[in-house]
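Two complexes are shown next, each including subunit A; its partner changes from subunit B in the first to subunit C in the second.
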Partner chain A sequence: MKFLINIALKNMFRNKLRTFVSVLAIAFAVIVIVFARGLIDGMIESSYSMYIHYDTGHIKIMDQEYEQKQRLLSLAYTVDGIANKSLSEMENELLKLEGIEMVIPRVKFGAAVSTEEELVQMMAWGVDGQKELKFTNLERELVEGRMVSSGNREVVMGTELLRRIDKNVGERVTMVFNTAYSSFQGATFDIVGRIESNLPLLNKDLVFMPIDTARHLLYLEEESTELLLVTDDRDKAINYLPAVKNYLSANEGERYLAQEWREGSSFIQLLQVGERIYNFIYIFLLLLASIVVINTMVMIVNERTQEIGMMSALGLKKKDILKLFILEGGAMAVIGSFIGSIAGGTLTYFLSDIGINYGTAIEDMDILMTTIIYPNFKLEHLIFGFSLGIVITSLTAIIPAYRAANMDPTEALRDI
Partner chain B sequence: MALVKLISLEKIYQQGKIAVPALRGIDMEIESGEFTTIFGPSGSGKTTLLNMIGCLDKSTSGEIIFAGNSINQLSRNELADIRRYNLGFIFQSYNLIPVLTAFENVEFAIRLIDKHSKKDRRDKVMHILNEVGLGDMAYRKPNELSGGQKQRVAVARALIKEPKLVLADEPTANLDSETSEEVLQIMKKMNEELNTTFIFSTHDPQVMEYAKRLVEIKDGRITKDQRRD
Partner chain C sequence: MFLPRLVIRNLSRHKRRVFITALIIAFAILVYIMIEGLMMGLTEISFANIINLDSGHLQITDRNYFADRDELPLKNLLTPTREIEEQIEATAGLEAYTRRLDFSVNLNNGIDELPVKGVGIDPGKDPAVFDLEKHLISGRMPTAGSREIIMGARLADLMDFEIGDYGIMLIRTAEQTFNTIDGEIVGLFNTPHPSLNDSTVFIPLSTAQASLNLGDQISHYVLRMEERQRGITAVEDLNPALNDPLRAYSWRSTSENLIYMLELQQIETQIVLAIILTIAAVGIVNTVILSALERMEELGMMKAMGMREKEIVHIFMGEAAGIGLIGGIMGLIMGAIGLYIFNHYGIDMSTLAGGGEITYGFPVSGTIYAGWSIASFVFVFSYGLFVSILASIFPALWAARKDPIKAIYHR
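So, the complex of A and B:
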């Protein structure tokens, strides 16, 4: 075997240009795979994180009716406690369930600010400032001022939203909104913080205010439009969900709905399907690159027909000839895949720091995705690209190798 | 006991719907240590006969007995084993592996046998290369050798495993007469010293001069079989 490896490696350098082209084709495919995997992983991770932070939590509890009307920011279907217990008692009971580490209440409603030119519409969130800072990335994105504190009539807004209403941190803003009784109300707030984020929702649509202030202004009791449960591990949330559902149905029948984060968004479900489809695309891509290798190997077999006949005459068996050619194709696969995974990894590592700005391409899409996507550099992506490159290319090298191994030695020796 | 015994050997090639007979009933015995030349015009069946004896091809009918065993029913792998351990081949176009040195090309044949230590292998290869006069060119690649030197490497490769039988298909066809003479001298020497059996197929009168036995073949039949002292 060692001897066959030695010959296979030496054979690779017989026609250096041809070997170089084959190796380059494999390397290029592996670069694309490693980079695409990093990019898609980064995109998916970013989306998962955004959806979990700003939409679903790990488990989201809401009124059954609210699920249909949440896009309308309705205040008619709230979570207001369970079985004659208050919302805070309900939160405490939820915290006792296995895996639940935090309960985050949010009151979401529509609001508007009138400027000289236009009525700027926005989405207002009544939140527990400290919990939000702990759970989301807001700490990093709060570039000026501070987060809202309970008991105060104050707001935090995104940079773009502040620009549109022509206000700055430290100034005051008057907002109008509909209360839970559908009456039109107005209130003035201190602007205490500014958020600068790649997430369009945070930058141009959202205004945070203390949840107690929001409840007071909206004439809500101790209510939330939704409760987000944070578990010790997002991937285990699906395991904790049945206990949450049991708790809700045992106390309140079918009134409340609990959804695991994956169920909450069709975009996340789409990404998950996409993740599987991409694996097929990677294999297809490598098969394309393998055509170059097959072509090279077919040429090699044709050129070395007499040599195959000679080796057969010396007593080399069919399986040895098969091994010899697979080893040669395999060696090209190893070199190409190695170069490809290192180059692809380097590119991913470099861009994981800088990010790729999708800018306006996704800005207006109704999805929670940041405008700058950071490819995810992971060693497993390099190993995946490297292994897939070797396996697929070596497998395709079997086709010409099999042809060589099956050659009739007398026919092969006759070949000129 | 004859080393090789051919009994009513026939080979018919099928070319489309046409059956082309290459051998039409060959009966022949070859004893150990013979230096036999098979000659005849092109297309007479020399190479086909050599391929049959060399276990590279199977006959259409008849029987081949090699070292007392019939090889007709053997599988492709079993035939490869016979070639690996018992037969040496020398080809007209040398058929050396261009990426290997002369040493490695010769070593290739005994690497397949797998019974020698690294040191034994090295000693054996250098010994045989010295015997064919290429000891100082052991680490040259085929493209750095002349035609005669390449054929000497091929001879060394055929003889390194001390086979029972060496088959040489037109071994001097690409060599000038002086080089042919040198190569034939080496083979003759090996035949005498090691009692290795040689069978040549050739047109070359120079090769025929060396033969102890001349077998003429025409249209797939033996037309003359003459032994010389």
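So, the complex of A and C:
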């Protein structure tokens, strides 16, 4: 085997230019793969975490009816305890289940602020400020002031929303809303914080207030529109789900629905399908690049017909000739993939800080995605590109190598 | 005629190599044509939906209103006068026009409330401009002066409304007071424009004006022209004639976001094309180098017999052009077949969205069909050819500069 490796390497250097071009083709394809994977990974990761933070949690518990009517922000279908236990008892019991680290209650309702010209509609979330800061990335996005703290009539709003109602942090704002009894009411709040985010939802639709204030104003004591469960690992959430479902059904909680984050949004399911499709696209791209290698190999085989004839006449077995050519193709693949993954990794690394701005194109979409996408630099992508490059190229090298191996030594020797 | 014959003969020496290199170019063209066709179909349907259901070909409104129109304000409205309407009627290519009033509504079903967009329409004139009536799935259009409303079937479903129910519409008048309209639902529609289905309620214009206490003010005129292009040209005719705060806006300016999104998509398509063509270019470089290496002795001989370097370069460039041509033709044929299959079956928007309701912000739902455009075929074909020839220049120069003596002595 060592002998074959030696010959293969020596053969590679017989015509450096030819080898160089083939290596270049593979390297380029691998660069594209490493970078595209980083970019898509960055996009998907950020979408996943946005959905988990601002929509689904790891597991979401809500009323069966509420699921269909989430858009309405209805207060008629709340989570208000289970069997004869109150909501806080229910939260404590959920917390004892395996893997559940945090239970985050949210009360979502529609609210509006009346300005001189118009009625600005917004989505109000009654939240536990400390828990939200711990769970989401709000701390980084809170550019001014502080998060809401319980017991106070105070709110935190997005920059764009503040601009629309023409207020600043420190001022007071009066909001109108419908209570759980469908009565129309208003309340005045201190604006204590400002959020500036790439996520359009946070920037122009959301207003946070302490959950106890929200409950009090809406007549929803001991009720939440939804409970988000945070587990120790989002990928394990699916394993913890049965325990949550068991708990619900053991306590006459059939009217509640427990949903893992992946089921929560069709966009996440779409991204998962997309991830798989992209893997095929990478393979396709490499197949195109390995056409260049095949061309080179076919020529090499033609060029060395006599040599092959001589070698097999001297006793080199078919299998060895096959190996020899696959090794030669494989060596080009290794060099090309190595250069490609390093270059692609470097590119991703630099762009992972700068990000790619999709600007307002995303704002109109009904999905949670930030407007700037940061490619994700991970060693995993480099290794993926590197190995895929080697495997696909070596596999395609079999075709010309097989042709070489199947030559009849007498015929091959006579070929001029 | 000597060089072209030489090129063709050289190309046929390694049919398989030529074929698979051409295949890379063919794939680049195939992918481009398919994506471009799909995008063109999507664009076409998006604009058709916007024009037929939302913005018309041309709008006349106050320019201050236009800037804030998404927020549905009730200031900077316009008061219809005979003078404006005479100007509208004098516009060349006009088919019909109507008045509309957009306002913000909180729709209430007794339990829940949802912010939606209310649109006051003139039941007499509106059907001549918009296609709404064609998309009614049950019931009828509201009659003038009544308190009848129509809404999307999806919205009705969400709020548990049926035909004959009363939807309470909470509105805020221009004087900041709250008012309600008890609208009787007389029709449900299902249009291919998702946001219309989800969050728009239509009501007779006079009722809206009375409830909002607006007199006869409207937010905008909508014009329907004989054809789309007229909408853009008529803007220039109308603008000088209109008194200052009033302006005409074509369907293009009313759908800026969509246009921006399409441009971004266009860039992405170009990047994909560029990536595949770069691989194709490397393939061409490789092929030219390989054939030059193979023919070293031949080249040396030709040079010794008096062929000039330039001619050798031309031969290789010709060969690359040949490969580009073959690849281009294969790609065009494959692309045409692909588009034909696309259009034969159509693509369900919901499959693109993984079965969900996501439309990526495009005002499109249901089945879409790809568009054809000779221009994009020609563009991608010549682009492929250009890249092939460009890629061959350096290796061709490299081959042509070889010393004839050394070249003959190659082995």
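Keep in mind that, in the parts below, the second predicted complex is superposed on the first by the 412 of 416 C-alpha atoms of A that agree within 3 Å, B and C clash if a C-alpha of one lies under 4 Å from a C-alpha of the other, contacts with A are read in each partner's own complex, and residues count from 1 in each chain.
Basically, a residue touches a chain if its C-beta (ideal position, glycine included) is under 8 Å from a C-beta of that chain, and two chains touch if they have at least 3 such contacts.
Quick caveat, the model's predicted, so the values are computed rather than measured.
Superposition of the two structures on subunit A shows subunit C fitting alongside subunit B with no clash. Of the two partner chains placed by superposition, only subunit C is touched by A:Leu285; subunit B is not.
In the superposition on chain A, no contact is made by A:Val107 with either subunit B or subunit C. Partner contacting the larger number of subunit A residues, of subunit B and subunit C: C. Taking Cα centres throughout, subunit A sits at the apex of an angle toward subunit B and subunit C that amounts to 90 degrees, reported as a multiple of 10. Contact with subunit B, but none with subunit C, is seen for A:Leu413 once the two complexes are overlaid on the shared chain. In the superposition on chain A, A:Arg14 makes contact with subunit B only, while subunit C stays out of contact range. When the two structures are aligned on the shared chain, A:Ala313 is found in touch with subunit B, with no touch to subunit C. Across the superposed structures, the minimum distance from subunit B to subunit C, using CA atoms, reads 7 Å. Touching subunit A in their complex are the following residues of subunit B: 47, 51, 54, 56-57, 76-77, 80-85, 87, 89, 91, 93, 95, 97-100, 108-109, 111-112, 157. Interface of subunit A with subunit C (complex): residues 15, 17-18, 21-22, 24-25, 28-29, 32, 68-69, 71-76, 110, 112, 114, 116-121, 164, 178, 182, 265-267, 269-270, 273, 285, 288-289, 291-292, 294-296, 298-299, 302-303, 358-367.
Residues 16-17, 20-21, 23-24, 27, 71-75, 104, 106, 110-115, 158-159, 172, 176, 257, 260-261, 264, 275-276, 278-280, 282-283, 285-287, 289-290, 293-294, 353-361 of subunit C are the ones that touch subunit A when the two sit in their complex. Within the complex formed with subunit B, the subunit A residues making contact are 3, 7, 10-11, 13-14, 306-307, 309-310, 312-318, 408-410, 413-414.
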